[in-house]
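Order as written gives the chain letters A, B, C and D; numbering starts at 1 within each chain.
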Amino acid sequence: MANSKYEYVRLFEQPDNLLPETWIVVRIDGRGFHKLSDKYKFEKPNDRRALDLMNAAAVSVMKDLPDLIIAYGVSDEYSFVFHPNCQLFERRSAKLVTTIVSTFTASYVCQWPIFFPDKPLDLSSLPTFDGRAVQYPNAKILRDYMSWRQVDCHINNLYNTTFWSLVLKGGMSNVEAEKELQGTVSSDKNEILFSRFGINYNNEAEIYKKGSVVYRQYQLEDQFSATTASLTQAAESQPSGELSKTQQEKMRKLRRKAQVVVEHVDIIKDDFWQRRPWLLSGKPGRLPVE
Amino acid sequence: MANSKYEYVRLFEQPDNLLPETWIVVRIDGRGFHKLSDKYKFEKPNDRRALDLMNAAAVSVMKDLPDLIIAYGVSDEYSFVFHPNCQLFERRSAKLVTTIVSTFTASYVCQWPIFFPDKPLDLSSLPTFDGRAVQYPNAKILRDYMSWRQVDCHINNLYNTTFWSLVLKGGMSNVEAEKELQGTVSSDKNEILFSRFGINYNNEAEIYKKGSVVYRQYQLEDQFSATTASLTQAAESQPSGELSKTQQEKMRKLRRKAQVVVEHVDIIKDDFWQRRPWLLSGKPGRLPVE
Amino acid sequence: MANSKYEYVRLFEQPDNLLPETWIVVRIDGRGFHKLSDKYKFEKPNDRRALDLMNAAAVSVMKDLPDLIIAYGVSDEYSFVFHPNCQLFERRSAKLVTTIVSTFTASYVCQWPIFFPDKPLDLSSLPTFDGRAVQYPNAKILRDYMSWRQVDCHINNLYNTTFWSLVLKGGMSNVEAEKELQGTVSSDKNEILFSRFGINYNNEAEIYKKGSVVYRQYQLEDQFSATTASLTQAAESQPSGELSKTQQEKMRKLRRKAQVVVEHVDIIKDDFWQRRPWLLSGKPGRLPVE
Amino acid sequence: MANSKYEYVRLFEQPDNLLPETWIVVRIDGRGFHKLSDKYKFEKPNDRRALDLMNAAAVSVMKDLPDLIIAYGVSDEYSFVFHPNCQLFERRSAKLVTTIVSTFTASYVCQWPIFFPDKPLDLSSLPTFDGRAVQYPNAKILRDYMSWRQVDCHINNLYNTTFWSLVLKGGMSNVEAEKELQGTVSSDKNEILFSRFGINYNNEAEIYKKGSVVYRQYQLEDQFSATTASLTQAAESQPSGELSKTQQEKMRKLRRKAQVVVEHVDIIKDDFWQRRPWLLSGKPGRLPVE
């Protein structure tokens, strides 16, 4: 029995390859995590186990896809970054996004019992994630994207820390706390935290204030060796059109050897990127000396 | 601290809404399931537990997304179908695809221990799926798509059944079996199965021969009440532009009440569609009398 | 000298093929025609020569591209329709749109002196057009699109006829006329025209009230032979996947033989489409008996 | 009469805005110019009047769209370049491409009698052009695109010059000439031209060897003032997200004041771009001192 009669339906598949030589960011978001965090009674304002599980899942994704350069996570969202020279899946958007979403979900669900041993998953309330790919034409804009997410982390965490202090320690209702914070700026919230609850926001855990950065670790560069210029040009130095498949495969192998680390540091300032030039260049650095 | 300085990066997000009034098929495929089936020692040619797990995950997706009309699964792939009048997520492609992929993955991983109690999942070999959305402009082409998958199921299953009989019962090596089958047509394979192994292919389990159809069950129509014409026109009768949000919400609720069933039946002939007019019309039928 | 060093730039060209089996409408619009009509002193509310020139250019496009089924024009816009089975330029959007825009522009500019012999074109004020392609999944929606444009023609022409009567015959300023018409409905405008200026709108020229329809003429069907059903199904009867290149070429030749006519008739009611079944079927009819 | 019943058809229009901060190249090509050049008896291998007409049309486009940075033409093709910070038509692809194609076509047809006074255009053989937009993420790749076209110009012109010398002066048939040139490299063709026809290819007109560059002229920079670095970075210095509408309008006005020039020079080497930094920076330079 031949299948040719129906095979024409394949003509309806349309290509979705992303533009070459652009940074690709795949951002995934928890679906209905507000409800989910109620269901499984996540601690407020931050549940450390939930964040650690997010990070563990992100590490799985980074290890599974050596083409990934860096990832940044906050709350129930995670951004994964491919370099402009990435050729994985011929840069097909749906393939890249679904692979990340599925790998992240599988790892998250599989490791749930490790982080929440006392809260078995209910089949009717499973944690799931949606995602999308966005292209950024150069390193400056990619860094602005990363900065955007980290500034957002700060704004939200300061708000949430203050809000839940008012509710949990100050005895306010959610509505009262919301009203109290309306129109306040950062310094107001810092003041509320300090004067009413004795909390110095600066002393809060870095993972809450800065979010989580996940990347492959190589030998750090001396702080002053890298020029500022290199921070935005590196990416453009060698078009993927000139990277042979052999070179790509070699780089992929080198990346597999590197350790994937999770840090809670500033990624807005130049320093982070200057000392880790392999992130923007897309070329593996030297493995750290043991 | 204002985030406005970086917020411009949102401008790089490009819309991916699918064309209104088209059938949307989201097909997901197991990633590296050949390797995975070796790792977890799936039975050949078909592992019933693995197929049942696929179906259980598909049922989860159907229940989670009442907008879905029907799904068809074979081997490690599953196709989920949205009706032309579907407005879910404003028909954004990445959102639709990732939601299905993530829900399927979560359910599959979560239910793995139920179907494979003796084979705990290894974190470094997790089952994952990629996916993509394809648009089909009318019901005839949608049905041709479904037929394409079911014919493929038949072709592959006949081949695999014969191949693994030659190997497992006939003592051939994989290479010898492949060579033996080269150039054979269906009748040849049926003959090999019957004469050498006493297998009447027609008696094989329907789930292997027909794959699995998942849909919401309403009262079946009398076999002869539906006209052939209705099989391809129904979908076009009422553009979504004329479906109010209230109507859509009402239909979604009705769908939640219906039972999701898994069957292994012919979906190529008209009969299946004639007796279940709600599939092509996109309008919930009457709930079966208890 | 080899060009291979730079040839990689071709990788940045992204495909833009439209979905198979959808109706394609290319709508073009005059750029800055308000200013242009001032510059060349077009008559108000309608300049017959300008409309005739639009129609002449549309006929050129229809003759140049036998794949086109029908076109509809009003004011400085024209919509050109390709059938779902059209394979021209592999359905590449930019190629289809630019070919129509360029052919229309060339013909319009070239024939300008025929229609405006006393108004030579000024190189710094040339008539130009932009355009875009839109896909419609079935014949019902395509007809709704056509109806939309013809209703728009009616609404605008009734308004403009009344407005310019108030200005040119009633001595009002533009602002006064605009104010006078604010909040009026069709019957109000008809009344103004009749009571103040003795104009029976029904007696206005059909080209102004109905716009212009351009298509290939074959033998008209008897008014009652076609069923209503055929008005929306025809298009789906034979997927282009099943139309051989030879068949397509043959149909193209048959279309070249047919006469391209310009009419000013109702295209909203069924009658127009019932008597010209070749429009929705996409299959050339019988050439009229001489 | 309300139009709301049909207005839903607008929902089928899909956005086609190009990615921000990328270089946009709109390349247009003559449709069937091989046949057209026969019809109007263009001279071989180059018809100076035809090239001058192409350039005149390109100048019209550059003047009409001050957002354009540079254009490069060879034979019957022309590439028009928008800067990454261009916001024209919200970067909608079809709008940008059709505007350029239509303006070019209108100008070409309108000026035809100036360049070919003895060859009136035949309505059934009008010159038309198709076009498409391609995005390039940074200045290096944009320059590689421009180099690609100029190298192509050289390769084709050397071939055509030799081919037509063999035919027109050497008395060969087209087939014989083609055969003679099969497998030859540049030096072979140079040798044929010199030894058989006394032609020193280097002395051929620059317009044939280099093609035509069209851009806005400001004061040239000193040859050594610009750094090499600036050749690829400039474009990324200020995202359009930070360019106000007022700034954009101001720049557009400044550009209108500049003279549009046509030159036949090398655009592959750095020198051309170093001395005209306004091309890659996208910021108008100083107007030349009279």
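Criterion: a contact is a pair of C-beta atoms (placed from the backbone, for glycine too) under 8 Å apart; a residue touches a chain by one contact, two chains touch by 3 or more.
The structure presented is a predicted model; accordingly, all values stated were derived computationally and were not measured.
On superposing C-alpha atoms, the copy subunit A sits rotated by 180° relative to subunit D, to the nearest 5.
Using the mean of the Cα atoms as each chain's centre, the chain most removed from subunit C is A. Mean C-alpha position of subunit A lies 42 Å from that of subunit D. Rounded to a whole number, the gap between the C-alpha centres of subunit A and subunit C is 50 angstrom. Centre-to-centre separation between subunit A and subunit B, using Cα means, comes to 31 Å.
Multi-chain contact residues, meaning those touching two or more other chains, occur in subunit B at positions 8-9, 12, 14, 19-21, 135, 141, 144, 239. Interface of subunit C with subunit D (complex): residues 1, 3, 6-9, 12-14, 16, 28, 31, 60, 93-95, 97-99, 101-103, 105-111, 121, 123, 126-136, 141, 144-145, 147-148, 151-152, 154-155, 186.
Against subunit A, in their complex, subunit C makes its touches with residues 8-9, 11-12, 14-15, 17, 19-21, 239, 241-242. Listed in rising order, the residues of subunit C touching subunit B in the complex are 19-22, 84, 135, 137-138, 140-141, 144, 229, 232-233, 236, 239.
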